[in-house]
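Chain naming follows the written order as A, B and C, and within any one chain the residues start at number 1.
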Amino acid sequence: MRASRQTTLIASILLVACLGGSVLLLRGLDRVRSGATLEEVLYVPSPQALKRMSLGYDGLLADIYWTRAVQYFGTKFHSGAEHYDLLAPLLEITTNLDPHLIVAYQYGGNFLAPKPPHGAGMPQRAIQLMEYGIRNNPEDWHLYYQLGFIYYMDLKDYEDAADAFARGSRVPNAHPWLKLLSGYMAERAGDINTARMMWTTTFETTYDKSIKANAAAHLRALEVDEDVTKLEGAVARYKERIGHLPSSFGDLAAAGMLRGTPRDPLGNLYKLTSDGRVELQSPDDFPFVEKGTPPGYVPPKVPKFLPTD
Amino acid sequence: MNSRIGLIASNTFREAVRDRVLYNLIAFALLMSGAAILVGQISIDIERLVVINLGLTAVSLFGIVIAIFIGIGLVSKEIERRTLYTVLSRPVRRWEFIAGKFMGLAGTLVVNTFFMAIGVFGALLYVSHHFQAPDRWLLVALYFIVLQFLIITSLALFFSSFSSPLMSAVFAFALFVIGTFAEDLRGFAGMASGVARWLATGAAYLVPNFSALNVISSVAHQQPVSGQLILYNTAYALIYTTMALCGAVLIFERRNLK
Amino acid sequence: MTAIEILGLEKIYNVGFWRKRPKCALRPLHMQVEEGEIFGFLGPNGAGKTTTLKMLMGLVFPTSGSARILGMETNDPRMKAQIGFLPEQPYFYDYLTARELLEYYAGLSGVPAKERSRRSQEMLERVGLHDAGGLQLRKFSKGMLQRVGIAQAILHEPKVVFFDEPMSGLDPMGRREVRDLMDQLRQEGKTVFFCTHILSDAEALCDRVAIIHLGELRGVGSVADLTSSVQNRVELIWQGPSVPSSLRALGAEPHVAGSTVRAILLEANQDAAIEALRRERLRLISVVPVRTSLEDYFVQKLKPAESVAGGRQ
């Protein structure tokens, strides 16, 4: 008189089996399609057309495209990509749908301009994106900062960078360093402390984890460059004074040219080579360094965002 | 057993036809003809694009609407109108009833899609005067759309087995929308943490993946569809549909028909 | 052989959204119906008749107890091929024609394809719808729907037929036809189990009846057995129009029709009543015993229980 037991049993087993099957197939589909949804971005006639098609739900669609942009870059970055063709269209669509999504501009500012594998290598498009952001958010100093950042960091165009920083400093509630940076562009453009100031600003004024990690990596690299310069300078002075190269940092310390044992920002000891060069223990942990790598060093195909990667 | 399922299926098909569901084909035909003629006047190059995009999107949307509107009533209407009493007092097993209803609606949708496909190809021929080799991928796109219909129908039937037509429509439509963004949901889940991450991941796997079944834009740009994708999608649609139907059977088996 | 065996069938519903209160629709029922008889299942509306029937049909699951029809379980498809069911105020797929419906149902009941059309036509004629075969059911009147309902219940030659209020919606001619049909079914050796709250129908047709009230069985047996337990009554007719007060005191409810008065009394009070009339010098026209009906049974046996239970739920 109850519901048929046989049917219940078969249906239950089948249901669970299908559930498992569908999960497996979904993973398979992901593999087969990888990035297909994103490639459709190329088929969108224009960001404006997409906005019209969104029937007023731009905010939600902007969030979706923003998520896709982050996933796109993150996934490709971690698999050692050579180019990020879709990053620009994705960010352009995102900001077109929601012009006030500041973090999207920051992301573009940090990852569109630099050369691969650290970015899409499209500084001009990045600049266009920032200018678009500024037009839509003229009172937000972050965007002027980001614009100046691109000019400084990726294009080495210190005049335009100064100009951007100056514009930004005139905005109410602007970060106090914008005025300083504008001034530094003229004389201290190549100064390591200017760069350090920029990366610190970037690190402190964003919420996005990837941007922060990237900025932190740059700051560590700057520190390494500074350390290596100082240490190699000490080695040279030692050689001048004593007549031969020191065999270890202990020798430098004994000669009063060094205090303590020099460690890199991650806490590992620096190496002193037989020909007087200072090198990192594990250069792979420090993308962006210009000094402290052995000769003929090739950075890994898949760079690290974080030391733990 | 099979003859009973077949009888129920053909009766369901007959009901849909007599309910004038197939009249939607007229609206569709008008839409396609109008679009084809209009587009033929605009610049060359994009008319094929527009016809394919518009045509396939219309096939998909019309069909989803039909699937939901008929699907939600498949069980609940019969219970409400008490037509079910005289059916279940016959040697018809409850699961056979569910299976038959599903086949009937699925069959209706396949027939509907078939006629619509003729419309799309007709419009395409009109604007570009001859078929090109990549046009065969249109058939794959249409096949994927039919797979979408199977999934939505089984979901509507599932909801219909225990909830009112209105709520069933809401749930089914919601799942359709979320399913279209299923891959993004998985993206969101990846960025979340803690309990939200588990919930979102669970939901992302449970929700039907319609984005994989939507190849309209790439087909419109004459991109081929990989055989692997066809295989995976077919298996996925069949398995998901079976899952939803099992759910419907389990619920319906136990239902007291007051 | 026993056509229908009900063993302690019980149904308790949980009513209410938040705090579920149990509502008993049917107390444990024990009953048997023999093959070849017409069995009436009687009771006022809401007594539990339809609930019982639905449990027999497998549409509702009992809280406890079980039933067997023709010796088989209620979810056995082999059994279902041999029963027919007419629900109360039936409603059918209104987009189908009568013939299409019957052919569809015939197929579901296992009638071979070549037979379906012939059987459907036969049935339509049998229930008096031979002209309406091609008409869509949405155009059918209530009475016509009832006839279609009967047709679909018997078209596959079932051994046991279940009717729920088969006369509802029919005019007197129709009711007579249905009664004749049920008689025919009995003559064909079929068992008929029907529910109704119209007692006169049951009296005319049934071999045995069961009476159910407020979910409980209140009596089972042949009509004669049941009514014999009820006190007899007589009908007095006298020349009126006056009615002695003493007669009213005897419980008579006199009915004045022109110059005569009619009153029905318990047989026990007959002598006292005649005496009262003689004292008032009223001319007695007739004294006739009234045949006790099931209605009397109902009124006498069930009313006290109703007041005990505090009225209907």
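Note that in this section a contact is a pair of C-beta atoms (placed from the backbone, for glycine too) under 8 Å apart; a residue touches a chain by one contact, two chains touch by 3 or more.
This one's a predicted model, so the numbers in the text were calculated from it and none came from an experiment.
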Path length in steps (a step moves to a chain that is touched) from chain A to chain B: 1
Most distant chain from chain C, judged by the mean position of its C-alpha atoms: A
Most central chain, Cα average position: B
Centre-to-centre distance between chain B and chain A (centres being mean Cα positions), rounded to whole Å: 43
Intercentroid distance (Cα basis), chain C paired with chain A, Å: 84
CA centroid of chain B to CA centroid of chain C, Å: 48
Chain B, residues touching no fewer than two other chains: 93, 254
Touching two or more other chains - residue numbers and ranges from chain A: 3-4
Residues of chain C touching at least two other chains: 58, 61
Contacting residues of chain A [partner chain B, same complex]: 3-4, 7-8, 11-12, 14-15, 18-19, 21-23, 25-26, 28-30, 32-33, 36-37, 39-40, 43, 64, 67-68, 70-71
Complex contacts: residues of chain B adjacent to chain A: 93-95, 181, 183-184, 187-188, 190-191, 205, 209, 211-212, 217-218, 220-221, 226, 228-229, 232-233, 235-236, 239-240, 242-243, 246-247, 249-250, 253-254
Residue ranges of chain C touching chain B (in the complex, touch as defined): 54, 57-61, 77-78, 80-81, 83-87, 90-93, 95-96, 100, 104-105, 107-110, 149, 152-153, 162
Chain B - residues contacting chain C, complex: 3-4, 7-8, 11, 14-15, 18-19, 81-93, 254, 256-258
